[in-house]
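Data first, discussion second: the structure below is written as C-alpha cells.
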Amino acid sequence: MAESPLLEFKNVSKSFYGNNVLNGISFTLNHGEILGLVGENGAGKSTLMRILFGMNVIKETGGYEGEILVDGNLVKFDNPSEALKAGIGMVHQEFSLIPGFTAVENIVLNREPQRKSIISEVFGPRLNTLDRKKMDEISQKSIGTLGVNINKDMLISNMPVGHKQFTEIARELTKKNIKILILDEPTAVLTEKEADTLLKSIKEMAKRGISVIFITHRLQEILSVCDKVLVMRDGVIVRETPADKTTVREITKWMVGREISGISAENNESKIQNKKEIKKIMSVQNLWVDMPGETVRDVTLDIFEGEILGIGGLAGQGKLGIPNGIMGLYEAGGKVFLNEKEISLNNPRLCLDSRLAFVSEDRRGVGLLLDESLEWNITFPAMQIQNKYLKMLLGGFIKWRDEEAIKEVTEKYIKELSIKCTGSQQKAKELSGGNQQKVCLAKAFALEPKVLFVSEPTRGIDVGAKKLVLDALKKFNKESGVTVIMISSELEELRAVCDRIAIVSGGKISGVLPAYTDSEEFGHLMVSNVV
Amino acid sequence: MKISKKFLYRSISILVIILLAFFMFVIGRGHTIYFDNKTFESQNLTYNSVYRVDLMVKGELKGQIFSRERISDTCMGQSFNFILKVIESRGDEPKEYEFKIRIPYSWDGVVINLPALINGAEENVYMSKFIPTVVETPSLEDDVVITDEFMIDPVL
Amino acid sequence: MGKTIIKTDLIDDNNSFMGTVKSAVKSFGLPRLIISLFLLLMFILAPFVGANFFTQLSNTLNRFSWNAVLVLAMVPMIHSGCGLNFGLPLGIIAGLLGATLSIELGFTGATTFWMAILLATPFAVLFGTLYGFLLNKIKGGEMMIATYVGFSAVSLMCMMWLLLPYHSPNMVWGYAGTGLRTTISLDGYFNQALSGFLRINIGHLSIPTGALLFFGILALGIWAFLHTKTGTAMTAVGSNAKFARACGVNIDRVRALSVIMSTWLGAVGILVYEQGFGFIQLYNAPFNMALPAVSAILIGGATVNKASITNVIIGTFLFQGIVTMTPTVINSMIHMDMSEVIRVIVSNGMIIYALTRKSEVSK
Amino acid sequence: MKKNTIVSFISNNLVPLMFVLICSVAIPLSGFSFSYLLAEIVTRIARNSFLILSLLIPIMAGMGLNFGMTLGAMAGEIGLILVSDWQIWGIPGMILAMIISVPISILLGTISGKIMNLAKGREMITGYIMNYFINGIYQLIVLYAMGVVIPIVHSSILLPRGYGIRNTVSLLAMRQSLDNLLAIRIGTVKIPLFTFIVIALLCLFILWFRKTKLGQDMRAVGQDMEVARASGINVEKTRIISIVISTVLAGFGMIIYLQNMGNLSTYTAHSQIGMFCIAALLVGGASVDKATIGNVFLGVTLFHILFIVAPSAGTKLMGNSMIGEYFRVFVSYAVITFALIMYETKKRKALREVGRSLGLSQTRLSQSKQA
C-alpha cells in the first residue's frame, strides 16, 4: 500500500494533573475501515476520542504528547471546528439536537443552504434566507443513505430515541469531506431492530470510503461490523486484532483481565463463610429509580450485616441509581427493608432517620457545602438529623449551635482521616478532591450509620488519596461493624475492598459474586444485558 | 475582494441613510408664516393696508385677512406657494396674485407684509424674521402632562 | 499506574504584596470600594461647602435608623437561596395594614406603634406563607416573579385602601368620608415613637438611640436565629439546596419560613420607617420601597445568595450616606441638583453588577 | 378525547379567555357605544402594535420578555427631543428622529445584550433593572446635559433655568402626521391606513426574518444554547443582535406611539411602556418562550378594551372611577405575574413529566412480573 493510512496515532499520551490516562497509544485507521474500540469505563476511550476531536478540555489541561496524522499530515486540533474541517465527525452519547427543530433543521444546523438577497449583501450573510427546498433534499439524501425511514419534518422532541440517533448520524454524514466518523455508543439507546439498521448503514458508509471508529459495550456488534478491534485498559492498548479472529469471551478477558494485587482470595473466602451465619440487614425488592442516565429498572438485592458489598457495572447501566434511589434523591419505587422494616422511599429524611447514610458521587453538587467551613460540612447532617452538637436552651425550645463541640468533632475527623487543611474553619471548596472526599466520609461517619452507601469514592482523586479513602472505609467497616455498600466503576477497586460484588447491567442485577471470583466472570456480567 | 464588496455596500447604505437624514432636514424644516395686512413703511415708501386678502394654500382657503389683521400658517420646506385674492377696498372685484417665496432655513417664524408683497417690494422689505415675545411659563407644575393612562410610576 | 505523580494538596504560592492587594479589592468588590471612597470624599468635602459635619452625620444616622430594618428584611430570603427579595412590598402592605388598623382601633401615642406591629404580624405571616408557597413552586425564577407579585399586591391594595371600611377621620378623605388618604400624618400617633426615645443630642450631633436600639435587637435576633439548628439549615439550603436535601432537610419548609421572616421584617421595617418619617404613605408608595433596600444590601457586600448582618449595616449606612450627602455637597459645588440621578444610577448599577456576577455558589 | 382537547385549549389560552370574560362583563357596564369603542380600539392598535411587535424577536432567541425595550423607547425620545428643537416637522421629522434613534438604540441594545449574556437565566430581571439604570443615565443627559453640552435652541422645550428639557415637549407639529396619511373614515371610525401599512411591513419583516439564517440561528440559540454553540453558532453575538433589533424597533415604535399622542412626557413616557406592552402581549396568549404576531393583535385589542372600559365600569359598579383605574393596573401586573408563574411551573412540570412516565412504566413492568 503506497497510500498512507487515513489516520495514524503515534505514541500519544495524555495526563490529567499528573494522572496518566493515556500511555503511548499507537494505531492506524485506513480508508473505509471500521475500527471497534472497547474497554472498561475509565480505560481512556473517551479521552482518546476527545484528543482526536480537539475538545477544549484537552487543551485546557495541557494538551497531549505524541503525534496524530491525518492522510499523512501532522495535525493538532485546538477546537472541534478544526477537527470538523479536517473531516472528522463525532456522534456523542448525549444528543446534541435541538428539540424544537425538525429533523431537517437539525441535520443542516448551522450549515443551511442559503439564498442571497440585497439585504444580506448589506448586512452580512447571516441575513441570507434559508433554502428550504435544498435543505429538504440534502436531509432526505442523507437519511436515505442510512437506510432508515425517518419523517424529516417531525420535531425532534416528538421522535423516539432511535430516530434521534439516526438524525445525529445523518447530520454528520451531510458534512462536506467527512472522512472519519466517531460513534460513541450509538446503539445504546436503540432497539435491536434499529441497531441492526444502524450497523448495516455503518457498513454502507465504510463502503463509500468513510472510516468509522465505533465505541460500544455491545461486543457482539463489534464482532459483526468491525474490521479491527482495539481493546484498551488503563490508558494503554492491550490488544489490536482483526475482528474475525476473536470472540466475545476473549475480548472481555482482555478488557478486565489483569493481575490482582493486595488481595488474598482465601481471606475473602473465609469472610464470606462467616457471613453466612450473619443475618440480612437490608433487602431491596424490585427497585426502580428514575435517575437521568442511570436508570434502575428492576433491582432485587440482599445485603448482610457487617459486609462490604460492592456494586459495579458499566457507566449508564444504573449502578449509581441504586443508592440515589434508596436514599430518596431521585424518584424511585419498589420495596426496601432495613432489619425487616420497610423504609418508605422518596424521603431522604426517613432514610437518614433509620440510620442509613450516603456519600454521593456528585461530591461538589450534592456532597458538600463548598462555600462553608469544614465544621459545617462535617457536622451538618448529624446536627439536623440527630440533634448532635446542639445546646438546648430554654428547655430545648432553642437549639443553639454548640461551636465547641463542632470544632472538637471536626478536628477529630481531620486527624483521623488526615484531611489536609489549614484548619477546621477552612472552606470546603479550597480543598483538593481527595480531601473533599474525606470530608464527605467524615460527614457520613459522624452520623454513625448502620448502613453506609458510598458512591464512586475514588472518582476524580489522585492515586495516593484513593488508597487513603479506601483504607478509611475498610477501617470504618471493621471497627464499627458498619455495613458498607460501595458503588464504583473500577472493578479492581471493588475487588480489593469488598466481600461480595454485585454487577448491574441494563438497570438490573446481572449477578452477585464473591470478590475473589475471576475478573473475567465479572466482565461477562457487565455486558450481559447492556441496554 | 469579498470584504471590500461588503464594505462598499455598507458604506453606500450608510451614505444613503445620511443623505436621507439630510433630505429630511431640508424638507421637514417647519416654519410659521405670519401674514400681516398692515400699513407698512420702508425706504420712504408706504404700503397701505388693503380691505381684505383671502389666503389660499394648495387650493384651500386658509383665511381672510382684513385690514390691520394678522393670521399665521405653517409650512414645511423652504419654498412656500400661495395665492392671494386681494380686495383693495370694500366692493371691489378680487384680484388674484400667485406667489412663491423662499424662506431662510434658520428662521423659525417669518412675517410677511401683504401690502408690500402685493405692491412688488423687495424680499427684504416684505419679509422679516418673527421674534417671539418671550412668555415665561411660570413654573413646571403648570405644564399639563398628558400621557396615556399609564399612571403608576415606580421610578426610584 | 506507577508513573503517577502525587500532587500537593494546597497551592498557595501567591504571596506577593500585589496579589494580596488585588485579592483584597476583589473580595471587597470594586464597586463597593468606589462607593465607600465616594462617600468618604463627600464627608471630607462637606465642611468646605459649608455643611456641618455633625449635622450631616446626624442626618445619615437618622435615615439609617429609618431604613435599616427594611434592608434587614432581605437577609432571611437571601440566606435560604430565594434571591433578592423584590417582593418586599408584600411585607410593607402587611405593615401598612397594621399601622392603619392600629389607628382605626383608636390607639394613640407610642402604643400605636407596638399595636401596629402586633396587628401586622398575622397579615405578614399569612402573606408570607402564601408567598413562600408560591416561591417554592417556581424555584429558580424567584426574583422576576417576586417583583411582579409585589406589584400586583400593591395595585390590589390600591383598590382595597379605597374600599375597606375605615372610618377614623384622621385617615379617610374628608369630603367623601370613605377611602384612605394617600398620606396620613402620624402626629399624635407613633411619630418618632422610637427615634425620640433616649435621643442623644450633643451639639449638632443627634442620635436616634431608640430606633438604632430597636434595629440592634432585631439584628441580634436574626444573628441568633442563624446560630440555631433551623438557622443553620436555612444557610445550608441557600448555600447548596441539593446538599441540604440529601441531609434530610425539608427545603420547602425552610424556604417558606425564610419568606415569612422576610415578610414580617418588611412589615416591621415599614413601621420603623414611618415612625421616623412621620407619615404613612399608601397607594403607590410601596412600589418604590424594594429597590433601594435591595441595592443597599448589595452595596453592603451581599451577593444574590450570601448576606450577613454586617452587610446590612455597612450597606444601609453607605446607601443612606449617599442619599443624604450628595444633595448637600454636590449641589453646593456645581449648583445642579444631580443627587437623585446619581442615586438612581448608583443603586441600580449595583443591582446589575450583583446580577451579572456568576453566582457565588460553586457548582 | 374531545373533552381532553377542550381542556387543553382552555388551559393553554387561560389568559386570553379570562380577558374575554372580564371584557364581556365590563363592556356593557361601561355603557360605551360600539362605535366609540371601535374607534378607540383602532387608534390604540395603530398606536401600540409596533412597540409590542418589537418584543417578538428576543422571545424567539430565548431571552424572554425584553423588559429592556424601554431603552429603545428612550432612544426614540431623544430623537424626538432633538428633532423638535430643530423644528423638523411632520413625517420628515419622524424619519429623522428614527434615524437619530438608531445609533443610540444600537449602543444601548449592545450594552444590554452584553449584560444579559453575563446574567444568563436571569435575563428578565436584569433587563428590568437595566431600565432603571439607563433611565438614570437618560435623566442625566436630558435633564442636565441638554442645553449645556448638547445645544438646545428653543426655550419652549427648555426648562426656565436654562438647561434641561421641560416635563412636556409638544409634538404638535408631527401630531398624527403618520396616522392622517391616507386615513380613511368609516362613520365615526378613523382608520389610519398608513400606520397600519407600516405595522404590516414590520410583520412581514418579522416573518421574513424567521426565514433567514440569523433567524434560524436565533431559534436554535433560544432552544438550546449548548447545542447551538457546539454546531458553531456564535451564541453570545446572536443573543446580542436579537436585543439590538428589539431595541431599535422599540425606538421606532415609541416614535410612532408618540406621534399619535402628540406630546412627549419627557421623564415618564417610557417608564411604564415596557410593562404595558408586555402585559398586552401576554394577554394575547403569548408566553415567556413563545409569541406570535397573532398574540400581539389579540393582546392589544383585549388589553385596551379593558383599559378603555375599566374606569367607567368601575364608576358604575363601585361609584368611584379610581377603582377602575386601579383595577386595570392591577390586571396588567397580575397578568404578567400569572404568565411568569405559568412559565416557571411549566418548565418544572416538563422536567418531572419525563420522570413520571418512566416511573409508571416501571411500576407496571414489575407489577406484571409479580402477577
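Lettered A, B, C and D in written order, each chain numbered from 1.
Everything below uses one rule, namely that a residue touches a chain if its C-beta (ideal position, glycine included) is under 8 Å from a C-beta of that chain, and two chains touch if they have at least 3 such contacts.
Source: prediction; values computed, not measured.
Farthest chain from chain C, judged by C-alpha centroids: B. Chain centres defined as mean CA positions place D nearest to the mean of all protein CA atoms. When the interfaces C-D and A-B are ranked by how many C-beta pairs touch across them, C-D comes first.
We define each chain's centre as the mean of its Cα atoms; on that basis chain B and chain C are separated by 57 Å. Centre-to-centre separation of chain C and chain D, using mean CA positions: 31 Å. Centre-to-centre separation of chain A and chain B, using mean CA positions: 80 Å.
Inter-chain spacing, taken between the CA centroids of chain A and chain C, is 46 Å. Annotation for chain D: residues touching 2 or more other chains are 132, 135-136, 329. Chain contacts: chain B has residues 152-156 touching two or more partner chains. Chain B contributes residues 5-6, 9-10, 12-13 to its touches with chain A in the complex.
The part of chain C that touches chain D in the complex is made up of residues 86, 134, 137-141, 143-145, 147-149, 151-152, 155-156, 158-159, 162-163, 179, 291, 336, 338, 340-342, 344-345, 348-349, 351-352, 355-356.
Those residues of chain A that touch chain C in the complex are listed here as 17-20, 23, 234, 327, 329, 348-349, 351-353, 358, 360, 362, 364-372, 376, 380-381, 383-385, 387, 390, 398-401, 420-422, 429-432, 434-435, 462-464. Residues of chain D touching chain C in their complex: 115, 118-119, 121-122, 124-126, 128-130, 132-133, 135-137, 139-140, 143-144, 318, 320, 322-323, 326-327, 329-330, 333-334, 336-337, 340-341, 343-345, 347-348. Taken together, the chain B residues at the contact with chain D in this complex read 17, 20-21, 23-25, 27-31, 74, 76, 108, 134, 136-137, 139-140, 143-156.
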